[in-house]
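Should a chain be cited, it is by its letter among A, B, C, D, E and F, assigned in written order, with residues numbered from 1 in that chain.
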(Lines give C-alpha, C1' and ligand atoms only; values in the text may rest on other atoms or scores of the structure.)
Protein backbone atom coordinates (compact mmCIF):
# COMPACT_ATOMS: atom_id res chain seq x y z
CA UNK A 1 0.00 0.00 0.00
CA UNK A 2 1.41 3.30 -1.06
CA UNK A 3 -0.74 5.52 1.17
CA UNK A 4 0.34 6.70 4.62
CA UNK A 5 -2.25 5.69 7.19
CA UNK A 6 -0.33 5.21 10.44
CA UNK A 7 2.08 7.85 11.65
CA UNK A 8 1.65 7.51 15.41
CA UNK A 9 0.13 5.24 18.06
CA UNK A 10 -0.48 8.17 20.41
CA UNK A 11 -4.07 9.33 20.90
CA UNK A 12 -5.68 11.94 23.14
CA UNK A 13 -8.15 9.61 24.82
CA UNK A 14 -8.65 5.88 25.46
CA UNK A 15 -11.67 5.95 23.17
CA UNK A 16 -9.62 7.38 20.30
CA UNK A 17 -7.11 4.62 21.06
CA UNK A 18 -9.83 2.00 20.85
CA UNK A 19 -10.94 3.41 17.52
CA UNK A 20 -7.34 3.30 16.27
CA UNK A 21 -7.27 -0.37 17.34
CA UNK A 22 -10.26 -0.92 15.05
CA UNK A 23 -8.41 0.77 12.20
CA UNK A 24 -5.39 -1.51 12.71
CA UNK A 25 -7.66 -4.58 12.76
CA UNK A 26 -9.30 -3.59 9.48
CA UNK A 27 -5.95 -2.77 7.88
CA UNK A 28 -4.77 -6.26 8.82
CA UNK A 29 -7.64 -7.60 6.76
CA UNK A 30 -7.08 -5.18 3.87
CA UNK A 31 -3.40 -6.05 3.49
CA UNK A 32 -4.44 -9.68 3.06
CA UNK A 33 -7.41 -8.96 0.77
CA UNK A 34 -6.92 -5.56 -0.89
CA UNK A 35 -9.86 -5.85 -3.30
CA UNK A 36 -12.68 -3.61 -1.93
CA UNK A 37 -15.29 -5.49 -3.98
CA UNK A 38 -14.44 -8.79 -2.30
CA UNK A 39 -14.38 -7.16 1.14
CA UNK A 40 -17.78 -5.61 0.52
CA UNK A 41 -19.18 -8.96 -0.51
CA UNK A 42 -17.83 -10.65 2.63
CA UNK A 43 -19.08 -8.00 5.03
CA UNK A 44 -22.71 -9.11 5.52
CA UNK A 45 -21.47 -12.68 5.88
CA UNK A 46 -19.54 -12.02 9.07
CA UNK A 47 -21.40 -9.00 10.42
CA UNK A 48 -24.39 -11.26 11.05
CA UNK A 49 -22.44 -14.16 12.47
CA UNK A 50 -21.97 -14.19 16.25
CA UNK A 51 -18.69 -16.11 16.19
CA UNK A 52 -17.19 -13.85 13.55
CA UNK A 53 -18.16 -10.75 15.54
CA UNK A 54 -16.49 -12.16 18.66
CA UNK A 55 -13.39 -12.94 16.60
CA UNK A 56 -13.36 -9.36 15.28
CA UNK A 57 -13.68 -8.03 18.82
CA UNK A 58 -10.72 -10.18 19.83
CA UNK A 59 -8.44 -8.72 17.18
CA UNK A 60 -9.48 -5.23 18.32
CA UNK A 61 -8.67 -6.23 21.93
CA UNK A 62 -5.17 -7.38 20.93
CA UNK A 63 -4.48 -4.18 18.99
CA UNK A 64 -5.88 -2.12 21.86
CA UNK A 65 -3.31 -3.73 24.19
CA UNK A 66 -0.56 -2.35 21.97
CA UNK A 67 -2.05 1.11 21.69
CA UNK A 68 -2.87 1.36 25.40
CA UNK A 69 0.73 0.45 26.28
CA UNK A 70 2.02 3.02 23.77
CA UNK A 71 -0.06 5.68 25.50
CA UNK A 72 1.04 4.55 28.95
CA UNK A 73 -2.66 3.76 29.51
CA UNK A 74 -3.57 7.46 29.37
CA UNK A 75 -2.64 7.73 33.05
CA UNK A 76 -2.55 11.30 34.22
CA UNK B 1 -19.87 6.40 16.95
CA UNK B 2 -20.44 9.90 18.10
CA UNK B 3 -21.05 9.17 21.79
CA UNK B 4 -18.32 9.28 24.42
CA UNK B 5 -18.14 5.96 26.25
CA UNK B 6 -14.52 5.57 27.32
CA UNK B 7 -12.73 8.38 29.11
CA UNK B 8 -10.43 6.39 31.40
CA UNK B 9 -9.14 2.86 32.01
CA UNK B 10 -8.77 3.51 35.74
CA UNK B 11 -11.25 1.83 38.08
CA UNK B 12 -11.58 1.66 41.87
CA UNK B 13 -11.59 -2.12 42.15
CA UNK B 14 -10.52 -5.17 40.12
CA UNK B 15 -14.17 -6.13 39.76
CA UNK B 16 -15.04 -2.75 38.23
CA UNK B 17 -12.04 -3.30 35.94
CA UNK B 18 -13.39 -6.69 34.91
CA UNK B 19 -16.75 -5.12 34.14
CA UNK B 20 -15.03 -2.43 32.06
CA UNK B 21 -13.30 -5.26 30.16
CA UNK B 22 -16.75 -6.61 29.34
CA UNK B 23 -17.81 -3.19 28.07
CA UNK B 24 -14.75 -3.01 25.80
CA UNK B 25 -15.49 -6.50 24.46
CA UNK B 26 -19.08 -5.58 23.63
CA UNK B 27 -18.02 -2.30 22.05
CA UNK B 28 -15.64 -4.25 19.81
CA UNK B 29 -18.67 -6.14 18.54
CA UNK B 30 -20.83 -3.03 18.21
CA UNK B 31 -18.28 -1.12 16.12
CA UNK B 32 -18.33 -4.04 13.67
CA UNK B 33 -22.13 -4.53 13.73
CA UNK B 34 -23.79 -1.30 14.88
CA UNK B 35 -27.37 -2.39 14.14
CA UNK B 36 -29.02 -3.22 17.51
CA UNK B 37 -31.70 -5.31 15.78
CA UNK B 38 -29.11 -7.63 14.27
CA UNK B 39 -27.22 -7.87 17.57
CA UNK B 40 -30.41 -8.75 19.41
CA UNK B 41 -31.19 -11.47 16.88
CA UNK B 42 -27.71 -12.96 17.25
CA UNK B 43 -27.68 -12.94 21.05
CA UNK B 44 -29.61 -16.16 21.80
CA UNK B 45 -27.55 -17.90 19.14
CA UNK B 46 -24.26 -17.50 20.95
CA UNK B 47 -25.46 -17.20 24.55
CA UNK B 48 -26.54 -20.83 24.40
CA UNK B 49 -23.46 -22.11 22.62
CA UNK B 50 -20.61 -23.33 24.83
CA UNK B 51 -17.85 -22.52 22.35
CA UNK B 52 -19.16 -19.01 21.73
CA UNK B 53 -19.34 -18.35 25.49
CA UNK B 54 -15.73 -19.47 25.91
CA UNK B 55 -14.72 -17.22 23.02
CA UNK B 56 -16.54 -14.29 24.65
CA UNK B 57 -14.75 -15.01 27.94
CA UNK B 58 -11.43 -14.98 26.09
CA UNK B 59 -12.00 -11.50 24.65
CA UNK B 60 -12.89 -10.29 28.14
CA UNK B 61 -9.67 -11.87 29.47
CA UNK B 62 -7.59 -10.03 26.85
CA UNK B 63 -9.23 -6.70 27.61
CA UNK B 64 -8.86 -7.34 31.34
CA UNK B 65 -5.08 -7.72 30.83
CA UNK B 66 -5.01 -4.19 29.45
CA UNK B 67 -7.15 -2.70 32.19
CA UNK B 68 -5.32 -4.53 34.98
CA UNK B 69 -1.98 -3.22 33.69
CA UNK B 70 -3.44 0.30 33.44
CA UNK B 71 -4.44 0.10 37.10
CA UNK B 72 -1.09 -1.34 38.13
CA UNK B 73 -3.07 -4.42 39.18
CA UNK B 74 -4.80 -2.47 41.97
CA UNK B 75 -1.76 -3.15 44.18
CA UNK B 76 -1.86 -1.16 47.38
CA UNK C 1 -24.16 -8.52 38.87
CA UNK C 2 -24.71 -7.00 42.23
CA UNK C 3 -22.50 -9.33 44.27
CA UNK C 4 -18.87 -8.60 45.10
CA UNK C 5 -16.65 -11.43 43.91
CA UNK C 6 -13.29 -9.83 43.06
CA UNK C 7 -11.61 -7.52 45.56
CA UNK C 8 -7.95 -8.32 44.85
CA UNK C 9 -5.71 -10.09 42.34
CA UNK C 10 -3.14 -10.91 45.03
CA UNK C 11 -2.87 -14.53 46.18
CA UNK C 12 -0.54 -16.34 48.56
CA UNK C 13 0.65 -18.98 46.12
CA UNK C 14 0.84 -19.54 42.34
CA UNK C 15 -1.70 -22.33 42.69
CA UNK C 16 -4.21 -20.01 44.37
CA UNK C 17 -3.49 -17.60 41.52
CA UNK C 18 -4.22 -20.28 38.96
CA UNK C 19 -7.49 -21.07 40.71
CA UNK C 20 -8.39 -17.37 40.68
CA UNK C 21 -7.70 -17.41 36.93
CA UNK C 22 -10.29 -20.16 36.64
CA UNK C 23 -12.78 -18.04 38.58
CA UNK C 24 -12.20 -15.10 36.22
CA UNK C 25 -12.68 -17.36 33.19
CA UNK C 26 -15.97 -18.68 34.52
CA UNK C 27 -17.17 -15.19 35.45
CA UNK C 28 -16.47 -14.11 31.87
CA UNK C 29 -18.93 -16.78 30.76
CA UNK C 30 -21.48 -15.94 33.46
CA UNK C 31 -21.59 -12.23 32.60
CA UNK C 32 -22.49 -13.23 29.02
CA UNK C 33 -24.96 -15.97 29.99
CA UNK C 34 -26.22 -15.33 33.53
CA UNK C 35 -28.93 -18.03 33.51
CA UNK C 36 -27.63 -20.96 35.62
CA UNK C 37 -30.09 -23.35 33.98
CA UNK C 38 -28.66 -22.67 30.52
CA UNK C 39 -25.07 -22.95 31.82
CA UNK C 40 -25.87 -26.27 33.46
CA UNK C 41 -27.35 -27.58 30.24
CA UNK C 42 -24.27 -26.53 28.24
CA UNK C 43 -21.74 -27.99 30.68
CA UNK C 44 -21.73 -31.65 29.56
CA UNK C 45 -21.61 -30.47 25.96
CA UNK C 46 -18.19 -28.84 26.28
CA UNK C 47 -16.73 -30.81 29.19
CA UNK C 48 -16.62 -33.86 26.92
CA UNK C 49 -15.32 -32.08 23.87
CA UNK C 50 -11.53 -31.98 23.46
CA UNK C 51 -11.47 -28.71 21.51
CA UNK C 52 -13.73 -26.95 24.00
CA UNK C 53 -11.54 -28.10 26.90
CA UNK C 54 -8.44 -26.74 25.17
CA UNK C 55 -10.25 -23.46 24.56
CA UNK C 56 -11.22 -23.29 28.25
CA UNK C 57 -7.60 -23.96 29.22
CA UNK C 58 -6.53 -21.11 26.95
CA UNK C 59 -8.80 -18.57 28.64
CA UNK C 60 -7.41 -19.71 32.01
CA UNK C 61 -3.86 -19.26 30.67
CA UNK C 62 -4.63 -15.69 29.58
CA UNK C 63 -6.17 -14.79 32.94
CA UNK C 64 -3.25 -16.47 34.73
CA UNK C 65 -0.86 -14.13 32.86
CA UNK C 66 -2.66 -11.18 34.41
CA UNK C 67 -2.72 -12.62 37.91
CA UNK C 68 0.89 -13.80 37.79
CA UNK C 69 2.02 -10.32 36.76
CA UNK C 70 -0.09 -8.78 39.54
CA UNK C 71 1.69 -10.99 42.06
CA UNK C 72 5.10 -10.26 40.57
CA UNK C 73 5.22 -13.97 39.77
CA UNK C 74 5.37 -14.87 43.49
CA UNK C 75 9.14 -14.28 43.37
CA UNK C 76 10.69 -14.29 46.83
CA UNK D 1 -8.61 -29.86 43.85
CA UNK D 2 -7.15 -30.55 47.24
CA UNK D 3 -3.64 -31.51 46.14
CA UNK D 4 -0.77 -29.06 45.95
CA UNK D 5 0.74 -29.08 42.48
CA UNK D 6 2.09 -25.56 41.92
CA UNK D 7 4.32 -23.96 44.54
CA UNK D 8 6.62 -21.90 42.29
CA UNK D 9 6.98 -20.68 38.72
CA UNK D 10 10.79 -20.68 38.99
CA UNK D 11 12.69 -23.38 37.11
CA UNK D 12 16.39 -24.07 36.58
CA UNK D 13 16.29 -24.11 32.79
CA UNK D 14 14.07 -22.86 29.94
CA UNK D 15 13.26 -26.46 29.07
CA UNK D 16 12.02 -27.17 32.59
CA UNK D 17 9.98 -23.97 32.24
CA UNK D 18 8.48 -25.20 28.99
CA UNK D 19 7.57 -28.48 30.65
CA UNK D 20 5.94 -26.57 33.51
CA UNK D 21 3.94 -24.67 30.87
CA UNK D 22 2.66 -28.03 29.65
CA UNK D 23 1.65 -28.94 33.20
CA UNK D 24 -0.30 -25.68 33.55
CA UNK D 25 -2.03 -26.29 30.22
CA UNK D 26 -3.12 -29.78 31.27
CA UNK D 27 -4.26 -28.57 34.68
CA UNK D 28 -6.43 -25.99 32.93
CA UNK D 29 -8.17 -28.88 31.21
CA UNK D 30 -8.39 -30.99 34.37
CA UNK D 31 -10.02 -28.25 36.43
CA UNK D 32 -12.74 -28.07 33.77
CA UNK D 33 -13.11 -31.83 33.31
CA UNK D 34 -11.81 -33.61 36.45
CA UNK D 35 -12.99 -37.11 35.46
CA UNK D 36 -9.89 -39.08 34.33
CA UNK D 37 -12.06 -41.58 32.45
CA UNK D 38 -13.53 -38.86 30.25
CA UNK D 39 -10.10 -37.29 29.67
CA UNK D 40 -8.67 -40.66 28.67
CA UNK D 41 -11.50 -41.21 26.22
CA UNK D 42 -10.96 -37.77 24.64
CA UNK D 43 -7.18 -38.12 24.32
CA UNK D 44 -6.94 -40.13 21.06
CA UNK D 45 -9.57 -37.83 19.56
CA UNK D 46 -7.39 -34.72 19.73
CA UNK D 47 -3.94 -36.26 19.69
CA UNK D 48 -4.55 -37.33 16.11
CA UNK D 49 -6.15 -34.09 14.97
CA UNK D 50 -3.81 -31.49 13.50
CA UNK D 51 -5.93 -28.49 14.51
CA UNK D 52 -6.32 -29.73 18.08
CA UNK D 53 -2.56 -30.25 18.38
CA UNK D 54 -1.91 -26.71 17.17
CA UNK D 55 -4.46 -25.43 19.69
CA UNK D 56 -2.72 -27.38 22.46
CA UNK D 57 0.63 -25.92 21.40
CA UNK D 58 -0.89 -22.45 21.57
CA UNK D 59 -2.02 -22.85 25.18
CA UNK D 60 1.48 -24.08 26.05
CA UNK D 61 2.95 -21.01 24.32
CA UNK D 62 0.74 -18.68 26.37
CA UNK D 63 1.67 -20.38 29.64
CA UNK D 64 5.34 -20.36 28.63
CA UNK D 65 5.15 -16.57 28.25
CA UNK D 66 4.13 -16.33 31.91
CA UNK D 67 6.79 -18.74 33.14
CA UNK D 68 9.56 -17.20 31.03
CA UNK D 69 8.75 -13.74 32.42
CA UNK D 70 8.70 -15.16 35.96
CA UNK D 71 12.21 -16.51 35.41
CA UNK D 72 13.40 -13.28 33.84
CA UNK D 73 13.94 -15.36 30.69
CA UNK D 74 16.75 -17.34 32.37
CA UNK D 75 19.17 -14.54 31.43
CA UNK D 76 22.54 -14.93 33.10
CA UNK E 1 15.55 -21.35 4.97
CA UNK E 2 18.99 -20.26 3.91
CA UNK E 3 18.12 -16.66 3.04
CA UNK E 4 18.44 -13.77 5.47
CA UNK E 5 15.13 -11.96 5.78
CA UNK E 6 15.05 -10.54 9.32
CA UNK E 7 18.01 -8.57 10.64
CA UNK E 8 16.21 -6.07 12.87
CA UNK E 9 12.82 -5.35 14.44
CA UNK E 10 13.44 -1.59 14.37
CA UNK E 11 11.50 0.49 11.83
CA UNK E 12 11.27 4.20 11.15
CA UNK E 13 7.50 4.49 11.48
CA UNK E 14 4.59 2.55 13.04
CA UNK E 15 3.31 1.82 9.55
CA UNK E 16 6.62 0.23 8.52
CA UNK E 17 6.38 -1.74 11.76
CA UNK E 18 2.88 -2.93 10.87
CA UNK E 19 4.12 -4.00 7.45
CA UNK E 20 6.99 -5.90 9.10
CA UNK E 21 4.37 -7.63 11.27
CA UNK E 22 2.71 -8.79 8.07
CA UNK E 23 6.03 -10.14 6.82
CA UNK E 24 6.52 -12.11 10.05
CA UNK E 25 2.99 -13.51 9.79
CA UNK E 26 3.57 -14.69 6.22
CA UNK E 27 6.98 -16.16 7.12
CA UNK E 28 5.29 -18.16 9.88
CA UNK E 29 3.12 -19.72 7.19
CA UNK E 30 6.03 -20.26 4.78
CA UNK E 31 8.17 -22.08 7.32
CA UNK E 32 5.30 -24.53 7.80
CA UNK E 33 4.45 -24.84 4.09
CA UNK E 34 7.52 -23.85 2.02
CA UNK E 35 6.09 -24.94 -1.35
CA UNK E 36 5.06 -21.76 -3.24
CA UNK E 37 2.76 -23.74 -5.53
CA UNK E 38 0.70 -24.99 -2.59
CA UNK E 39 0.60 -21.52 -1.02
CA UNK E 40 -0.58 -20.01 -4.30
CA UNK E 41 -3.33 -22.60 -4.55
CA UNK E 42 -4.51 -21.90 -0.99
CA UNK E 43 -4.51 -18.12 -1.36
CA UNK E 44 -7.92 -17.55 -3.04
CA UNK E 45 -9.43 -20.02 -0.57
CA UNK E 46 -8.76 -17.88 2.49
CA UNK E 47 -8.61 -14.43 0.92
CA UNK E 48 -12.33 -14.70 0.22
CA UNK E 49 -13.29 -16.17 3.57
CA UNK E 50 -14.26 -13.69 6.29
CA UNK E 51 -13.16 -15.89 9.20
CA UNK E 52 -9.79 -16.62 7.62
CA UNK E 53 -9.19 -12.91 7.01
CA UNK E 54 -9.97 -12.12 10.66
CA UNK E 55 -7.59 -14.90 11.72
CA UNK E 56 -4.87 -13.45 9.49
CA UNK E 57 -5.46 -10.00 10.99
CA UNK E 58 -5.08 -11.53 14.46
CA UNK E 59 -1.66 -13.00 13.71
CA UNK E 60 -0.59 -9.61 12.37
CA UNK E 61 -1.86 -7.96 15.57
CA UNK E 62 0.20 -10.36 17.72
CA UNK E 63 3.36 -9.76 15.70
CA UNK E 64 2.70 -6.00 15.77
CA UNK E 65 2.69 -6.15 19.58
CA UNK E 66 6.24 -7.51 19.46
CA UNK E 67 7.48 -4.99 16.92
CA UNK E 68 5.80 -2.02 18.62
CA UNK E 69 7.44 -2.97 21.94
CA UNK E 70 10.81 -3.36 20.18
CA UNK E 71 10.46 0.18 18.85
CA UNK E 72 9.35 1.54 22.21
CA UNK E 73 6.08 2.37 20.44
CA UNK E 74 7.81 4.98 18.26
CA UNK E 75 7.39 7.48 21.10
CA UNK E 76 9.32 10.69 20.49
CA UNK F 1 11.22 -36.28 26.88
CA UNK F 2 14.68 -37.21 28.06
CA UNK F 3 16.65 -35.19 25.51
CA UNK F 4 17.88 -31.64 26.13
CA UNK F 5 16.63 -29.34 23.42
CA UNK F 6 16.27 -25.91 25.06
CA UNK F 7 19.13 -24.48 27.08
CA UNK F 8 18.70 -20.77 26.31
CA UNK F 9 16.25 -18.30 24.77
CA UNK F 10 19.07 -16.01 23.65
CA UNK F 11 19.89 -15.87 19.93
CA UNK F 12 22.30 -13.79 17.87
CA UNK F 13 19.73 -12.37 15.47
CA UNK F 14 15.96 -11.81 15.29
CA UNK F 15 15.77 -14.39 12.50
CA UNK F 16 17.44 -17.04 14.68
CA UNK F 17 14.91 -16.05 17.36
CA UNK F 18 12.04 -16.53 14.94
CA UNK F 19 13.38 -19.96 14.03
CA UNK F 20 13.63 -20.84 17.73
CA UNK F 21 9.98 -19.78 18.05
CA UNK F 22 9.16 -22.34 15.37
CA UNK F 23 11.06 -25.00 17.32
CA UNK F 24 9.06 -24.20 20.48
CA UNK F 25 5.81 -24.37 18.53
CA UNK F 26 6.67 -27.80 17.12
CA UNK F 27 7.82 -29.06 20.51
CA UNK F 28 4.45 -28.02 21.94
CA UNK F 29 2.86 -30.36 19.41
CA UNK F 30 5.37 -33.17 20.03
CA UNK F 31 4.87 -33.18 23.79
CA UNK F 32 1.16 -33.72 23.15
CA UNK F 33 1.60 -36.28 20.37
CA UNK F 34 5.07 -37.88 20.68
CA UNK F 35 4.53 -40.56 18.03
CA UNK F 36 6.47 -39.47 14.89
CA UNK F 37 4.37 -41.77 12.69
CA UNK F 38 1.15 -40.02 13.68
CA UNK F 39 2.74 -36.59 13.25
CA UNK F 40 3.98 -37.53 9.78
CA UNK F 41 0.50 -38.72 8.81
CA UNK F 42 -1.08 -35.46 10.02
CA UNK F 43 1.43 -33.19 8.28
CA UNK F 44 -0.04 -33.09 4.74
CA UNK F 45 -3.48 -32.60 6.28
CA UNK F 46 -2.68 -29.24 7.82
CA UNK F 47 0.12 -28.07 5.56
CA UNK F 48 -2.41 -27.74 2.74
CA UNK F 49 -5.14 -26.15 4.82
CA UNK F 50 -5.18 -22.35 4.91
CA UNK F 51 -6.79 -22.09 8.35
CA UNK F 52 -4.35 -24.57 9.89
CA UNK F 53 -1.39 -22.66 8.43
CA UNK F 54 -2.68 -19.40 9.91
CA UNK F 55 -3.12 -21.14 13.27
CA UNK F 56 0.46 -22.46 13.09
CA UNK F 57 1.71 -18.95 12.28
CA UNK F 58 -0.17 -17.66 15.33
CA UNK F 59 1.54 -20.07 17.71
CA UNK F 60 4.90 -19.03 16.23
CA UNK F 61 3.96 -15.37 16.78
CA UNK F 62 3.16 -16.02 20.44
CA UNK F 63 6.42 -17.86 21.02
CA UNK F 64 8.31 -15.14 19.15
CA UNK F 65 6.92 -12.57 21.62
CA UNK F 66 8.58 -14.50 24.43
CA UNK F 67 11.90 -14.91 22.65
CA UNK F 68 12.02 -11.31 21.45
CA UNK F 69 11.44 -10.07 25.01
CA UNK F 70 14.16 -12.45 26.28
CA UNK F 71 16.59 -10.92 23.80
CA UNK F 72 15.52 -7.38 24.65
CA UNK F 73 14.38 -7.18 21.03
CA UNK F 74 17.97 -7.41 19.77
CA UNK F 75 18.30 -3.65 20.31
CA UNK F 76 21.87 -2.48 19.96
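Here is the rule we go by: contacts are C-beta pairs under 8 Å (C-beta built on N, C-alpha and C of every residue); 3 or more make two chains touch, one makes a residue touch a chain.
Bear in mind that the values here come from a model prediction, so they are computed numbers and not experimental data.
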Excluding chain C, groups that stay connected where the other chains sit: one piece
Can you give the shortest number of steps from chain A to chain F, where adjacent chains in the path must touch? 2
Let me check something: if the centre of a chain is the mean of its CA atoms, which chain is farthest from chain E? C
Could you tell me which chain lies farthest from chain A when each chain's centre is the average position of its Cα atoms? D
Note: chain C sits from chain A at a C-alpha centroid distance in Å of 27
Centre-of-Cα separation between chain C and chain B, whole angstrom: 16
Can you list the chain D residues in contact with two or more other chains? 49, 51, 55-56, 58, 62, 65, 69
Among line, ring, star, complete and other, the chain touch graph is ring
Report the order of chains around the ring; begin at chain E and proceed in the direction of chain F. E, F, D, C, B, A
Over in the complex, which chain E residues touch chain A? Could you list them? 13-15, 18-19, 22, 47-51, 53-58, 60-62, 64-65, 68-69, 73-75
Please give the residue numbers of chain A that touch chain E in the complex, ascending. 4-10, 24-29, 31-33, 38, 42-43, 45-46, 49, 51-52, 55-56, 58-59, 62-63, 65-66, 69-70
